[in-house]
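Each structure below appears as structure tokens.
In the two complexes below, chain A is the common chain; its partner is chain B in one and chain C in the other.
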Partner chain A sequence: MNRILEEVIHRNAPIVDRIIAEHTAGYVVADNMANAVAETSFDNTSAQALVKHLNGTLVPACQSVVRDLDPTNQLTYMRVATRKFEYLVAPEEYFTITVVQ
Partner chain B sequence: MSRISKMSVVERPSQRASKSAAVSKKAPPRDRSYDDDAFVSLFAHRGGRDIIIMDAQGVPLRSTSSQKRTLMYVSNLKPLLFMARNVVRDLDPSNDITFMRIRSNIGEIHMTLGSDFNLIVVQRFRRKFGTKQ
Partner chain C sequence: MSAEVEEMLKRFQNFKNIVGIMVIDNDGIPIKTTMEYNLTLHYAAVMQTLREKAQQVVLDLDATNEFTFLRLRTLRHEVLLCPEVDYFIVVLQLPCD
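Presenting the complex of A and B:
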């Protein structure tokens, strides 16, 4: 699974560069199987904290809420805005992308 | 107050019943200017499904849907909102959540966290590839 993920990341490298060049503070790509950080533009400790907090607790809670409201539904995108930053979280099938801006 | 009921009866009689029922069941009833109803009707025209206004504790004050559905939404979404606030504070203690937006295949839910109130807005997409309007 990690190999496939690395390939996908390498293929999307120009897109990632474009995203970073915009008004973002950074991004984190995590794979869902191990809840581990696959690629990030932050330093490792804060990226791991981000992944552990967001992906570990909040995203599954949101998914379960969405499924409670309608069982055929599923979470596609989530956006948490704070005073300083905004976290854009996109959970896919095998991985989760989080962008901080 | 009569102006509100006249407008609602003309446009949406079912919603009028639910709105008055919602206000009477959730005490205390708040008096608002009729700008509030214009806001709600304009928003429903644009694809919005429900609006739920809650106070800072998460108790629903006003809603555009029935009592049962409001309770379902609030009991699911309120812990989520508070959990998100805790997550943000964990990541950065000086940061505080202002707005949260959840998007799924069927619809979108916006949640606003103010100082003395919370607001939830539920939007649905009309067709699969149609315009959300």
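Presenting the complex of A and C:
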């Protein structure tokens, strides 16, 4: 699983550079199976905390809300806005990308 | 005040993308809604738990930060959750792209 992830990350390197060049504070790519951080532009402890909180609790909660309301529907993208930042979360099949801006 | 609220709701209803707007109390009781009642109740219950969860997550990540808005995009629609002090607003719209 990690090898696939690494390949994907390598292929998307120019996209990642573009995202970072905009107003971003950083990003985290997390692997869904292990809920572990695969790649991040933050320091490791905050990235892990971010992943544990967002991916661990909020994303599954939102996914279950969406399925509850309509079983054929599926969460594709999520944006949490707070006073300081905005978290853009994109859960995919094997991994989840979170961008903070 | 109520006339203003009605006016606003009517204005937003005229946007093509909007499926429905709901104003829900902090206890999960819908105050105003433009959608069918049973569906609104369902959304109210479910969005209330979600709102509390999101608030908790944001506070956990940074105790000085505050959750201001949540946008869930799904295959069929986009759900916007806007929490206020005494109530919260849920808007259902078709995704823009």
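Assume the second predicted complex is superposed on the first by the 101 of 101 C-alpha atoms of A that agree within 3 Å, B and C clash if a C-alpha of one lies under 4 Å from a C-alpha of the other, contacts with A are read in each partner's own complex, and residues count from 1 in each chain.
Criterion: contacts are C-beta pairs under 8 Å (C-beta built on N, C-alpha and C of every residue); 3 or more make two chains touch, one makes a residue touch a chain.
Keep in mind that what you see is a predicted model, and the values were worked out from it rather than measured.
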- Touching partner for A:Val37 - first (chain B), second (chain C), both, neither: neither
- Item | Which superposed partner A:Asp70 touches (first chain B, second chain C, both, neither) | both
- Task: Based on the superposed arrangement, let me know which partner A:Arg79 touches: chain B (first), chain C (second), both, or neither?
- Result: both
- Message: Touch test for A:Val99: chain B only (first), chain C only (second), both, or neither?
- Response: neither
- Return first, second, both or neither, reflecting whether A:Val29 touches chain B, chain C, both chains, or no partner chain. neither
- Message: A:Val51 in the overlay: touching chain B, chain C, both, or neither? Say first, second, both or neither.
- Response: neither
- Task: Check the residue A:Cys62 against both partner chains and state whether it touches chain B (first), chain C (second), both, or neither.
- Result: both
- Item | Interface residues of chain A shared between complexes with chain B and chain C | 49-50, 53-54, 57-58, 61-62, 65-66, 68-70, 72-85
- Once bound in the complex, which stretches of chain C touch chain A? 42-43, 46-47, 49-50, 53-54, 56-58, 60-62, 64-77
- chain A - residues contacting chain B, complex: 49-50, 53-54, 57-58, 61-62, 65-66, 68-70, 72-85
- Message: Looking at the complex, which residues from chain B come into contact with chain A?
- Response: 72-73, 76-77, 79-80, 83-84, 87-88, 90-92, 94-107
- Show which residues of chain A lie in contact with chain C when the two form their complex. 49-50, 53-54, 57-58, 61-62, 65-66, 68-70, 72-85
